[in-house]
Structures are given as C-alpha cells and as structure tokens.
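Next come two complexes, and both contain subunit A; in the first it sits with subunit B, in the second with subunit C.
Let's turn to the complex of A and B:
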C-alpha cells in the first residue's frame, strides 16, 4: 500500500506546486454560480430556487470532467512514454490501477471541496448524513466516469485521434442529455429517453435527493443509486481487467 | 561468468520482497524459448531462443527494427509475448510478472514522461518504490548524480534537460536501484564520449557487484567495450551468440581493407575483378562505390588492388586497413552493414 501512496503522491504534488488550476476551478465555479446561476434563477420559475439546483448541477459536471480527466491522464501517460515506466515498476497491475483511481479520487476531492462547500452553504440546513451521502454519490459518479474513460482509453493505443473524437463527442452528449441543468420532469419525451442513458442524470438527481430537493422533480433515488453503483463497480472492474490483461506500454519494434 | 555451481543467493531488490532462491547449474538469468511477438501483421520476434548466464554482460547487437527493444520490453513485462516463453531467473514473465519486476530494472531507450518533475525527485521516487533503504537513498542519489555529472542539474525540471542529460538520468535509475538483472536499452545514445565512458564504467561496476547485465545497442564500440558475449539479432531472430573474440575469429581472413572509389563508368565489373585478386577471402559491398575486402595479408593485397584500379582507370578515394570489428562480424553473419546510415 505504501507504494500505491507513493505513486499517487509523486504526481499529485506536482499539481499542488502551486495549485493554480485547482484554484482556477474554484474561481470558475464561484463566478459561474454568482453571475450565471443568480441571473438564471430570476428567469426560471418552475423550480423554487434554480441557483441551488444549478450549483449541484455544476458540481456534478465538474465531477464528470475530473473523472474524464483521469482517463485522459492515463492515455497521456501512454503517449508520453511514462506508461512503460510505470508498467516496469515492481508493483502489481492491480496496485498500479488502484493508484490511478486514487489519484483521480484525490484530485476530485481537492477540486470539489470548495464548490461543494459553497453549494452546501447556499442550500443550508443539512444533516451530516445527507452531506456524507451526497459526497459518496459524487465519488461513485467520479469513479464510474473515470472507469468509462479508462475503458475507452484502450482505443487510444490504436488511435489517439479516434479516442479524442469519441471522448469529446461523448462528453458533450452525456452532459447535455442529462438532468444536470434541468429537471427530468421538464424534459421532452425524446430527450428524456436519452437522459436515461447518461450517468450524470443519476448522479445529479441522487445528490439533489440527499440534499433535500423536491423528490417529485427527481428520479427514483433507489434506482439512481443502483445504476451509479453498477456503473462504478462495472467500469472500474473492466478497467482493471483491461490493464491486467491487455495493456502494453508501447508498440515499437 | 557461467553459473555452474549450486548455491543459494539473495535475489530480492525490495525490502518487502526478499526472495531466496536455489540456483542450479541449469539456471539462467534470462531464458527464452520460441519467443514470438507480433504487432498486427509485423513479426518483431520470430521464435527467438536466447539465454543469458548469471552475472554476465550480454549485448544484443542489431540494427533498428531487429527486435532488440521488443525483447527487452517483454522481459520487463511491459509487453506481452504473442507466443513462446520468456523467463527471468526462472520466473515466467507472463505468469509471474510481479516477481520478475522485483528482480529486474530497465533503463528505457528514451527517457520521457516526467516533464514537470526534477531529476532528484524522480530518482528519490524510483529508489523508494524499488525498495532502496531510506537511510541510503539520499547518499546513493548524490553519488550517482555526481558520477554522471547531473548534480548541477538535479533541481532543473525534466523538460529543461538536454537529450544527453535525460539519457544519463534514465541510466541513473538503474544505478540507484542496482537490480539483479539490469536491462539497458541503448544506454549511451545521445551522450557525449566522456559521458559514454562514465556510463560504461558504472555498468561494469554494477556487474562486478553481482548483477547480470543485458544491453541492447547498435553501437559497435559500446558492444566491444562492455560485452562478455554478444547476440546478433536480425529481423527478430538470433543470428549468432558468442564471446566477442570468438565471433571475430569466425571471420575468415586476417585483415580487412575498406576502399572507396570515385563514382564513374570504369567501376563496372570491378567488384568481380577485385574478388579474383590472390589473397582475397571475401568481398562485400559496403555502400555505393564502397567495398570491404577480407584478405589474408593486407600488405600483399593492397598493391595488387591499386594496380588493378590503375589499369581500369578507376579512381580510389580512400583505402583503409583494419582488424575485424563487430560491425564486420555483423556483416559476415547477416550480409548487411550494422552501421549503415539507415541504422545509425
């Protein structure tokens, strides 16, 4: 386990020296919520406080971006030549995979800490259990998205361009066809069908459920929790399988 | 040095993974059988049978694309073989990869990937993860960085290092790790002559301490300086494997005469006539208008050759008499020049 922590810290400390882009994420969130969220809140009448709804949606979008970044990071490692080095280190593949997942999780925690805190303060009147459940949901979503991206990253060994095209296309679809910015009940039927396929729908609605939003505008929380758990376990399991069985650092004769 | 005795040795490189192993006369540091690696339709290794004895320096010599790097990456468990088996100190690389990684270390052909890290940090991380005891890490890192003239650059970002410095840093990882099997892929490429000498000395020192060394290179001088034995690889196959001296002795003809002619119509058919000169053991083309003649006695052969050129009005640009090198050995066994421009 000590080597897993070493691997996580080796990369992470570079992000923190100085932590500019973590702070920039916080600043972006604050500006987006303070200006866009506040103005939109005055325009939207179907939800009691759209700024709060939007704050959680934005946190979920950040979770998705950070999870996706973990997958991209892995691909970058492969193309920069770092992956062969990591694969040659005296640790098992499962520990290597764990270190990649943990690094993603730690980055997620660091980047979400301030936005989530702001959102929780904005919503107010919350119990520790509901906050803990919301955080757990975000981690579950983050791991699930990272797992999807890690799974897709194996395409990058064949074609980096194809991987980029797929992930960019997938990202835009997954975010737009979800309930991060608008509640499920407001979606037109054909949009609603697509939203069912987006993991962000389940993540956003389950977090909102735990944070006390009106359940009548959200998906069934049991259903959402089951889907997210299956996503996280399934994709991380798939990622680990691929790393252990298929991954090869370079393709050079 | 061959392993003919039966003894017990300490193999582990990690403080958490000390492995005691009984080594018998049949144990090799590396052993491959029918090792095959395909990249799609390209066959990089074609049923390679290859053995490295304990505590020897084995050099893999071959041009780019001969399969050297592929073999090293399979041994380091970075690549998976398509078919056949590869064992490191009796551990199967496909079935016991973690064990294998605890025994060996690899210095890659290109040092890449840690753009925003500093050399000292990279080495500290590598030493820690490879189980170098904490109380010895800093001293070992300082010593190696100073030996390889990287001390001044220890706090530069990796992305600001020169190619030679990056390569020396890559080699430094193994010199700090000091694994039982140290694999170097072109350890001194991009490094100046002074740096090459230092790296070669460090590699020899590593062997003297009991490590087995496997080096892939296409530099003849590096191979001649370091090798106990040389395996010549060509197109994914082992062409020959022996001690450097034995390989050179394989070449018939005591001297080698390299000659270069000025391009011109009078050169047509000259090659056949050169072969007819008494004392010629062999003659091969070594480039356009360049020939390499293996001859019994150069002092007797050269005047006859110059006389022939004079008669044919073929103009000689240069004549050089040498002893056989590993390049000649490669040429002898494969019919191709190792250090041709496309292989450089």
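Let's turn to the complex of A and C:
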C-alpha cells in the first residue's frame, strides 16, 4: 500500500505545488453560483429555486470534468512515453490501476470540498445520510467518467490529437444533453433521447434526489443508481482490459 | 512595404494554425453549437420570455471571444517551446511580430464567429442582415482587443502553463458572467450593486451582444454612439495587449528568456 500512496503523491504533488487549479475551480464556482446562478434564477420560472438546482448541476459538471481529466491525463501520459516507466516499476498492474483511481479520487475530493460545502449550506436542512449518499454518487460518477475516457484510449494509440478532439468535444455534448442545467421534463422529446444516454443525467438527478429536490422533476432514483453503478463498474473494467491489451499486448497476471 | 508583407505572412501562418488545431475546433464548435441549439432552446421553455431570441445572437459574440482568447495560447506555446527565438531571428521587427499575432487573432476570431453567425441566421430570423456588414469592422476591433487581453495573459504567465490557463479561465468567467451575454441588463440592475451594473454595461461583450441582437436580428436602426462605445472599450485592450507582448519580446531579446 505504501507504494500505491507514493505513486499517488508523485502525481498529485504536481497539482498541489502550487494548488492553482484547485483554487481556480473554487473561484470559478463561487462566481458562477453567485452571479450567473443568482441572475438566471430571476429569469427561470419553471423551477422554484433555480440557483440551488444550478449549484448541484455545477458540482456534477465539475465531477465530470475531473473524472474526464483523470482518464485523459493517464492516456496522454501513456502516449507520451511515461507509461513504460510506470510499467517498469516493481508494482503489480492492479496496484498501478488502484493508484490512478486513488489519485483521481483525491483530486475530486479536494476540488469538490468547497463547492459542495457551499451548495449544501445553500440548500440547508440536510441529514448526514443524505449528504453521504450524495458524495458517494459523485464519486461513483467520477470513476465512471474516468473509465469512459480510459475506454476510449484505443483512439489515442492511433492519434493523440484525435483522441483529445473526440473526448473534449464529447464532453461538452454530454453536459448539454443532460439534466445538469435543466430538469428532464423540460427537454424536447428528441433531446430527451440523448439525455437518457448521458451519464450526467443519472448522476445529477440522483444527487438532487438525495438532497431533497422535488422528485417529480427528477428521474427514478432506483433506475439512476443502477445505471451509475453499472457505468462505474463496467467502464473501469473495460478501461483496465483495453489498457492491458493495447499497452502491453498481452493479458497481465 | 516589405515589413507589411512579412507581417501578413506571419499572420497567415498563425491564422492557419488556429484552424488546423483539431481538438480546439472540436471544443469550440461543440460548445457554441450546443449552446445555440440546445441550451438556448431548453432555457426558453423554463422562462416567460423568448430566451432563444435573446441568447442565440450572444453565442456568436461568445464564439468571437473564445476564439480571440486562443491567441494567448499560441503566444504562450511559442514562448514555451522556444519558437519565439526563431520569430525574433526573422527579418521582421518586434512590433511587426506583435501586430501579426493580434491581426491573426482578430481575423481567426472573425472567421470563426462568422460561421456561427451563418448558423444563427438559419435558426433565427434576422430583420436586417445588412446591418451585420456595418458591425463587422467594429467586431474585428473587438476581436483584436480580446486577442490583446490574451497576449497580456501569455506574457504574464511566461512559460508556466498552469498559470496561463488559470488566468485565461478566470478572465473568461469574469468577463462573461459580468456581461449581458446571458441575461438582460434589467435583471442585472435588480440584483447587482450599481458599480457592478456600470461594469456590466461598459463590458465590450455586452455592447457587442446588444448590437448583434438589436441591429442584425431585431432590425433596429444602427446607432453610431453604441459602435463608438464598442471601439472605445476595445482599443485600449488591444493597446495594453500589444505593449505587454512587446515588453515580453524585448525581455526575451535582452535576457534570452522571460
């Protein structure tokens, strides 16, 4: 386990010295919620308190971005030749994969701490269980998204540029065609079909359900929980499998 | 004449680099088109007024803004990867290099936002398309000014990539949220303190978005004063950017680094 922690710290310290991105994410969230969220809340009449709805949506967007960044970061490093170094370390493949997941999880926890705390204070009147369930949902979504990016890694081994173009282009589409910014019932039918395919729809609605939003504007929570679990387990498994096949050419022990 | 020709050659090189960056095109197009065709439409269903008509013209200005800001990334890359030393060895003055970058940044942003405008004209009926031709030179000055902001950020960040992208993100968020790109000025007046309302009103993005809405799409007669205001708020940005980049280039010439 010490080796895993050392490897996590090896990557993480570059993000923390100085922790400019973490601070930037917090500042961005505060401005977006305090100005954009508040002003849009004056315009939106379809939901009772749009600022609260937007706060959770923004936290889910951040989770998605961090998860995507973790997956992309690993693939880009692999393409740049850092992976052979990692593979030569006296550490098993499963521990290497665990270190990547832990690094992503720690980054997610650091970046979300302040925005989530502000959102929870804004919503208020919450129980410890609902907060814990919301945090667990966010981590499940983060791991799922990182897995999707690893799953798409086969493109990177053909063209890193194309991989970046596809993943970042896909990211903004996934956000827009989801319930991050607006409830599902307001989506036109042809957009609703695409929203059903977006993992953010399930993540955002499940977190909102745990935090006490009106269930009539959310998707069925059981269905959302099942989809998110399947996504996290399925894509991380697929990512591991694809990486081992593509990077090393053979299955590892 | 030779200097002008070299500036244009360098500008052409930088201009084509912008459109050849596949991942950048993927980000910009997916962001702006989904804002126009998804976000504007769905928000419209959540509000009592026609948000689609309000937001679609503003997306064109957002595209102009984001494309202009990419000038900073190209300058930062040139500094980090040492390409700047090659540029400084060319038979062109440092002022010429600065002019070429700002010109390329402004032009790339204009071409990119014009493509968004064409799409906007397809999805939203415009009452005075010809007004756009009056707006175009002013939008070009705005794009050059925004490219100037980006050049300043690149010069400030030097070779530290994380700082450059962080500065760029904060400038982007502040300028967009403190503008009337997303919400009408009446709502801003109701919620924000007077000094912030003043900033929002004088933000060149607010002026450009309002001009696009009123003159091209609503068909209102073009008011010269609003266009002069757009110039007055954009030109200082271009000058500050040019000076910052020029100072950075002089520093590289003298010390070999920033």
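Operating definition for what follows: the second predicted complex is superposed on the first by the 246 of 253 C-alpha atoms of A that agree within 3 Å, B and C clash if a C-alpha of one lies under 4 Å from a C-alpha of the other, contacts with A are read in each partner's own complex, and residues count from 1 in each chain.
FYI, contacts are C-beta pairs under 8 Å (C-beta built on N, C-alpha and C of every residue); 3 or more make two chains touch, one makes a residue touch a chain.
Note that the structure is a prediction, hence the values are computed from the model and not measured.
Undergrad: I'd like to know which partner A:182 touches here: subunit B for first, subunit C for second, both or neither.
TA: In the superposition, A:182 contacts subunit C only.
Undergrad: Pick one for A:39: touches subunit B only (first), subunit C only (second), both, or neither.
TA: In the superposition, A:39 touches subunit C alone.
Undergrad: Would you sort A:82 into first (subunit B), second (subunit C), both or neither based on which partner it touches?
TA: first
Undergrad: Touch check for A:90: first (subunit B), second (subunit C), both, or neither?
TA: A:90 sits against subunit B, while subunit C stays out of touch.
Undergrad: According to the stated criteria, A:10 is in contact with first (subunit B), second (subunit C), both, or neither; which is it?
TA: Once the two structures are laid over each other on A, A:10 reaches subunit B alone.
Undergrad: I want to verify the contact counts: of subunit B and subunit C, which reaches more residues of subunit A?
TA: C
Undergrad: Return first, second, both or neither, reflecting whether A:28 touches subunit B, subunit C, both chains, or no partner chain.
TA: second
Undergrad: Where on subunit B is subunit A touching in the complex?
TA: 13-14, 17, 39, 42, 44, 65, 67, 69-70, 73, 76-80, 97-98, 101-102, 105-106, 108, 110, 112-117, 121, 125, 128-131
Undergrad: Any idea which subunit C residues touch subunit A in the complex?
TA: Touch list, subunit C to subunit A: 22-23, 25-27, 29-31, 34-35, 38-39, 41-43, 45-49, 51, 162-163, 166, 169-170, 173-174, 177-178, 182-183, 187-188, 190-192.
Undergrad: Along subunit A, where are the residues that touch subunit B in the complex?
TA: By the definition above, subunit A touches subunit B via 3, 6-7, 10, 14, 77, 80-85, 87-93, 248-253.
Undergrad: In the complex, go through subunit A and note every residue touching subunit C.
TA: Interface residues on subunit A, with respect to subunit C: 20-21, 24, 27-28, 31-32, 35-36, 38-40, 42-47, 50, 161-162, 164-166, 168-170, 172-173, 176-177, 181-182, 186-188, 191.
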